[in-house]
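Which chain is which? They are A, B, C and D, in the order written, and residues in each are numbered from 1.
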Amino acid sequence: MYSFKSDYSEGAHPKILEALMTTNLEQTDGYSMDPHSKNAARLIRQAIGRPDADIHIVVGGTQANTILIASALRPYQAVISAATGHICVHETGAIEATGHKIIAMPAPDGKLTAALIEQALAAHTDEHMVRPKLVYISQPTELGTLYSRAEIEEIRACCDRYGLYLFADGARLACALASSGTDLTLKDLAWLTDAFYIGGTKNGALFGEALVLCNEALKPDFRYHIKQRGGMLAKGRLLGIQFECLFTDGLYEQIGAHANQMAMKLRDCFVSCGFPMLAESDTNQQFPILPDALVEQVSQEYSFEVQQKFPDGRTAIRFVTSWATKEADIDRFCSWFTQISQGYC
Amino acid sequence: MYSFKSDYSEGAHPKILEALMTTNLEQTDGYSMDPHSKNAARLIRQAIGRPDADIHIVVGGTQANTILIASALRPYQAVISAATGHICVHETGAIEATGHKIIAMPAPDGKLTAALIEQALAAHTDEHMVRPKLVYISQPTELGTLYSRAEIEEIRACCDRYGLYLFADGARLACALASSGTDLTLKDLAWLTDAFYIGGTKNGALFGEALVLCNEALKPDFRYHIKQRGGMLAKGRLLGIQFECLFTDGLYEQIGAHANQMAMKLRDCFVSCGFPMLAESDTNQQFPILPDALVEQVSQEYSFEVQQKFPDGRTAIRFVTSWATKEADIDRFCSWFTQISQGYC
Amino acid sequence: MYSFKSDYSEGAHPKILEALMTTNLEQTDGYSMDPHSKNAARLIRQAIGRPDADIHIVVGGTQANTILIASALRPYQAVISAATGHICVHETGAIEATGHKIIAMPAPDGKLTAALIEQALAAHTDEHMVRPKLVYISQPTELGTLYSRAEIEEIRACCDRYGLYLFADGARLACALASSGTDLTLKDLAWLTDAFYIGGTKNGALFGEALVLCNEALKPDFRYHIKQRGGMLAKGRLLGIQFECLFTDGLYEQIGAHANQMAMKLRDCFVSCGFPMLAESDTNQQFPILPDALVEQVSQEYSFEVQQKFPDGRTAIRFVTSWATKEADIDRFCSWFTQISQGYC
Amino acid sequence: MYSFKSDYSEGAHPKILEALMTTNLEQTDGYSMDPHSKNAARLIRQAIGRPDADIHIVVGGTQANTILIASALRPYQAVISAATGHICVHETGAIEATGHKIIAMPAPDGKLTAALIEQALAAHTDEHMVRPKLVYISQPTELGTLYSRAEIEEIRACCDRYGLYLFADGARLACALASSGTDLTLKDLAWLTDAFYIGGTKNGALFGEALVLCNEALKPDFRYHIKQRGGMLAKGRLLGIQFECLFTDGLYEQIGAHANQMAMKLRDCFVSCGFPMLAESDTNQQFPILPDALVEQVSQEYSFEVQQKFPDGRTAIRFVTSWATKEADIDRFCSWFTQISQGYC
C-alpha cells in the first residue's frame, strides 16, 4: 500500500547516503567538533546571510525545540504558542518537563499574530502568574499555512516592544522556502527571529535539525544545554555531513520545491473533484475534507493520517509529499481518485 | 595524525552502511513502529534469551541513561553510582536535570560492590534525605574493568534485599562480551539486571543504544518517556536496521573481539616497555601511565585523551580501539613506541 | 480604608492565637511529629469519617497543590483543570515547574464536568501527547460557585471509568461546607475524591492547609515529597495546633457560616440595587458587575480586587468576606452603597 | 523528659507572640506587600548596612536555599558545597529536584576553603560536565563551627576570580553573630556574599527566614521565583511582624547570645568530665563523644540526636540550646551528668 502518511517514510536523499559512504573511514573528533560540522555551519551562515550566527545541529525536532526553549528561559518564564503548535500538542509535554508553561492561543489557521501575543501578555500581569518571554511559531505551521514577511515583521515588532524572544520551528522549512505562498526568505527569517531551526529530517536527511542562534543572549554555553538534554551526538560528523549536502548546490530548496510540486498536484486534484480543504496550504501537507465513506474507500489503497473528524459525516485527512514522492505515483493516485470520488460530490 | 582518542572516530561498520543503502526507498511507519525495528527487537530478545523483554532503541547513551532512570524513579528517589560513573561526571548533570540526586560512591577500579551499596543505604535513613532506589553500573566500566558473574550476582542479591533496581550501562558492551576478562554473558546480564542497554555507537553503529527492559515494573508507557525526553527518532527504522545488522551472524561480538585484540596488543606493548597501567583493563580502553616527556613525544604523532595527571611527573593517558582499528596501524605504533620509550624506563 | 480584598487581610481567629500562646513553652518533636499534629489528624479523620485517611498539614495552598500533584503523577502524565483553576492561572507555573502539563478546559462557571473531562481525554490519544491522569477541581471554585453532590458523583464515575485521580482544592472549603448552595458534605468529599485539602489560611488560621489522602496509592513516602518541595515546617506543631482548634467545637464550619452570611448581605445589596453578578456565588466571594464610574467611586472608600473588565464600560469586581468581617461594617457599606449607586441604575 | 534535640522544640520568643496578638485585627495586603514586611526589610537593611539589598522573607530554610539557588543558576550550572552541607544531606534532594547538581567536597570541620573550591573547578572542564557557579556555605556550619572574616574573604576572592556566586545559609546565624568564636559581623557577611539568609525558625521565631540579596544580578523578578516554589505566604505580614521584633532592640543577637551561653556551659561540663568533642563548636550545638553505655544512660532522662557512631564503642551525640533553654535546666543537667559520668572516664 502506498503511503502518504508523512515526509519521513523513506530513508535519505541519495546524495546524503553517498556522502556518508565516502567519508566513512575518516577519523574525526566527536561531538560535532569535526571539520564537516564546521563546514556545514559555514555553509548555513552563508545561506542565511548572518556570519555572526551560531549553528548547532541536533538529532531531532523535539530536541531542537526543548533545548532552545529551556536554554532561553528563566524558571518562571513561559512560551506563547498557537494552540495547534507542535510543542503544545505533539511533544508529550517535553517543554513542561523542563519546567515551563506553554500559553496556548487559539489560532484557527495555526498562525500567531501580534494581537494574540498581546492578549496573552495582558492576561499575565504579576508574580502570581508566569511571565511570557518567548514566542514560538512554525514556518510552515502544522496546517501547512505560511507566514508572510509582513506578518513576521509585525510579530517581531511586537516582541521588541515587550522584550520577548521570537523562535521559529522550521521542521518543514524547505517547503516554506520553496513555496509561492510566502515572500519570506531564509535571510528574512535569520534577521527577524532570535533563533530558528532548519529542519533536516523532513527535508531529505536521515535525521538532524540545525539550530540557528541569531541573538547574542542565546549563545553562551549552548553546548552545555545540548549535552544535558541528550542532544549531543558522539558521531556528530553525521549531522555535519548531511547539512553540508543539503546546503550544497541548492539541494535543500530543490527538495522543498519537489515536495511542494507534488502537493500542488494533489491539491488541484482534490479541489477539481469538488472537495474543500481544511486550510490553505501552499506546502507539502494537504488536508482535503472528504465524506467518511470516501475516506474509507481511499484507505483501502493508500495510507494517510486522520486530521479531524466532523460531526456531519466528513473527515479532514492529511496527505504529505516529500523528496521521495514520485510524480508517477501522484498521477496514478489522482486519476484513480478522480474516478472513485465521482459518486460523492 | 592517527587517532586513538575514541571508538567513535569513524563512521559505521560497512555492513551497516550497506543495509541503510539497501532499505533506503522502503516506505515504513515512523517512530520505531516499522518492521526493521520489530525485527531488531526480536533478534535482541533471542540473543539475550528473554522473550519477555521490552526493547527500545534510542539515539544516544546520555538519552538511554536519562530516559531509563527518570522513568524508573519517583521524585524523591536517587541513584547509587560509582563516583567514576558516566552519569556522575560526563553527562552535564542530565540525571539531576530530571530531578534526581546521584549518590556517588568512591570506587578506585570503577566497580560498585554490595558493601558500597549498603554503605550508601545506611547513610539515607529518613524523609529528610533522598531515598536510594536504583543502582547504576557499567559493563565495562569507564576504566575498562569488568564485573564477573559472581560480582553481579552479589549486587543483584543486595538489590533484592533492599528493593532496588539494577541498571547496567552497556555503552561498550560488545567489548565486555568478547573479553576473556569476565565470565558474564549477555544472557546473564539479562537475567541479573532490571534493565540494561546494548551500546551501538561505540560498537560499530552510526548511532543507537538498545534499552532492554527486563523488569515488568519498568515497562508501562515507556514510549511516553522516550518521546518526552527527545529520544524518539522520526525515522526510527534507522535504529532498527542498524541493530538488525549487529545482531545478525554474530557481528556484534566480532566487533568487540576485534577491538579487544587490538587493545591487548597495545597493552602488551606498554607493559613490555615497562610502564604500569592505571587499571586492569581487558577491554578496548587502555590507560598506560607514562612520564610526561614521553606523553609529549607520543602526542606529536598520535592523538589520545589524558585521563589523569600525577604529581610525580607522570600522566595516565587513554588509548581506545574499535572495529575500525587496523592491525597494521597498531603494529606500526607498537614498534615506534618501543623504540622511542627506551630512554624513559 | 476598609478592605474587601481578601479573606487573608487579618491575622487569625482569636481561639487560634490563644492556643498558640497556651502551648508556647511545650517541648515537642519537630516536623509535624508532635502530639498536636497527631491530634489534629485524629480530629480531621473523625470529621471526614475516614479513619483510614492520611493527613499532612502543609503551610500554603500552592504547596498543597504542587506537592500532591507532583507526587501523584509519573513524568509524562498531566492534569485536567478548568481554565479558571487556581493552578492554571495564579501559581506562577508551579505545577509545570515540577514537569507536568495542565490541560485547561474552558468552563464559564469554573466547574469541570464529565463531558469536559472526556473531551480532554479524547484529544490525548498516544505517546506523542501527554497522558491525562489527575482531575483538579476546587470547592468552591475561583468564582465562588459550588459543585453539588450529584455533580461530583458524575465526575467520580468518569474518573473511575478512565483510571484518573480526582483531587479537590479546598482553599475556601469552610464556606462551601456552610453554604446552602450545595448538598455536598465533608464526608462526601472524603469518599468521592482520591485526595483533597482543607484550607486553613482563608478560613481563620494564620496559615496551613490540611492535605487528606484517601486513596492508598497516594500515601507511600508522602513525607519525602513534602520535605523535598519545601513544605515541611520545622515547628510543625504550629500547623497541628491550628487545625486542632479549627476542628474542635465546630469552629471550622462556624467560620464558613459567618463569612457566607456576610457575603449574602453584600449580594442582596448589589442585587437589590439592580446590578448583575458575574457568577452565582453562594459563598464568601461576590462579583458584582458595576459601571466603571461607580467602581471608581466605591474605590475611594473601600479596597477590592478587579476581576474582569467588559468592553461596555462595566467591570466585575470582587468582594470577599471572612471570619473577621464585622456585621456593622457590612451594614455600613450596604447603606452607603445603596445611596451612591442610585444614579447608576 | 527534657529535650536537647533541637532549637525548634518550643514555640516562639514571647515578644513575637505578643506582636502577633497586637496586630491581629489590622487589615493588610497579602503576600508580603504589607507595612510590617516593609518595615522588617528596612530594619534588616539597616542592621546589615546595605541600603541597596533586597529582602524577601520566606517560610523555611529548605525553601530559602532552594529558591535562591534555583533562581541564580542556569540549567547546566551546579553548586559547590561541603559534603556535610544541609542542602547535600538533609533536604531530600530539593536542589536536585530543581535540576541542579551539588558538587560535594569533603570537609571534616564542615567548612569550605578556596582550595576545595578550586579543586572542584579543576575537575569540571568542559560541556560534558556541569559548570560550577555558586558556592554554598553555612555560618555556623552543621557542626557548629564558624568561618572567620579572613576565611570568608579568601572564599570571596576565589569566587571573584572564577565568576562564582557566594551564598551563605544562616539558619543559626544569631548564634554565629553572638559567638566569640568568629570576628565575622553581620555587615561583613552582607558585603562579602552575593546573598545569604538570616534564620528565624531556629532563633526565636515561629518560622521565617529572611533572604538578603546583595548582588544586583540576583534581584530581578525574585518574587516570581518565591511564588513558583511555594514560598509566598498569603498572610506575609506574619513574616514581617516576626522580623520586626527580631531586629528591634537587639533581640536577634540576645537570642543568639543566650543560646551560646547555655551551650558553653554544656561544653564546659562535657570537657571537664573528660570527654572529647566531635568539632570545636562555639555556638549552640555541642557534639560530645561519649561511651555508648553512657549515651544509653543519658537517654533515659534527656532526649537528643545521634550524630555519628564510632566503631570503638563511642557515639557523638548532639545537644542543642536556644532562646528557650533555661539556665536552671542546664545546671541541673550538668550536675547530674557530672555525677553519672564518673564511672566512664
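As a convention for this text, a contact is a pair of C-beta atoms (placed from the backbone, for glycine too) under 8 Å apart; a residue touches a chain by one contact, two chains touch by 3 or more.
Computed from a prediction, not measured in an experiment: that's the story for all the values here.
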| item | value |
| --- | --- |
| Higher-contact pair (C-beta pairs counted), B-C versus A-B | A-B |
| Residue-number overlap at the chain C/chain D interface, same or different (half cut) | same |
| Interchain centroid distance [CA atoms averaged], chain B/chain D, Å | 42 |
| Centroid spacing, where centroids are CA-atom means, of chain A and chain B in whole angstrom | 34 |
| Whole-Å separation of chain centres (CA-atom averages), chain B against chain C | 51 |
| Multi-chain contact sites of chain D, meaning residues that touch two or more partners | 75-76, 91-93, 97-99, 127-128, 130, 224, 227-228, 232 |
| Contact footprint of chain A on chain C as seen in their complex | 75-76, 78, 89-93, 96-102, 104, 127-130 |
| Sites on chain D touched by chain C in the complex | 2-3, 5-6, 8-12, 14, 17, 20-21, 23-30, 59-63, 66-67, 91-94, 97, 201-202, 206-207, 224, 227-235, 237-238, 324 |
| Residues of chain D that touch chain A when the two form their complex | 31, 70-71, 74-76, 98-99, 127-128, 130-131, 221, 223-228, 232 |
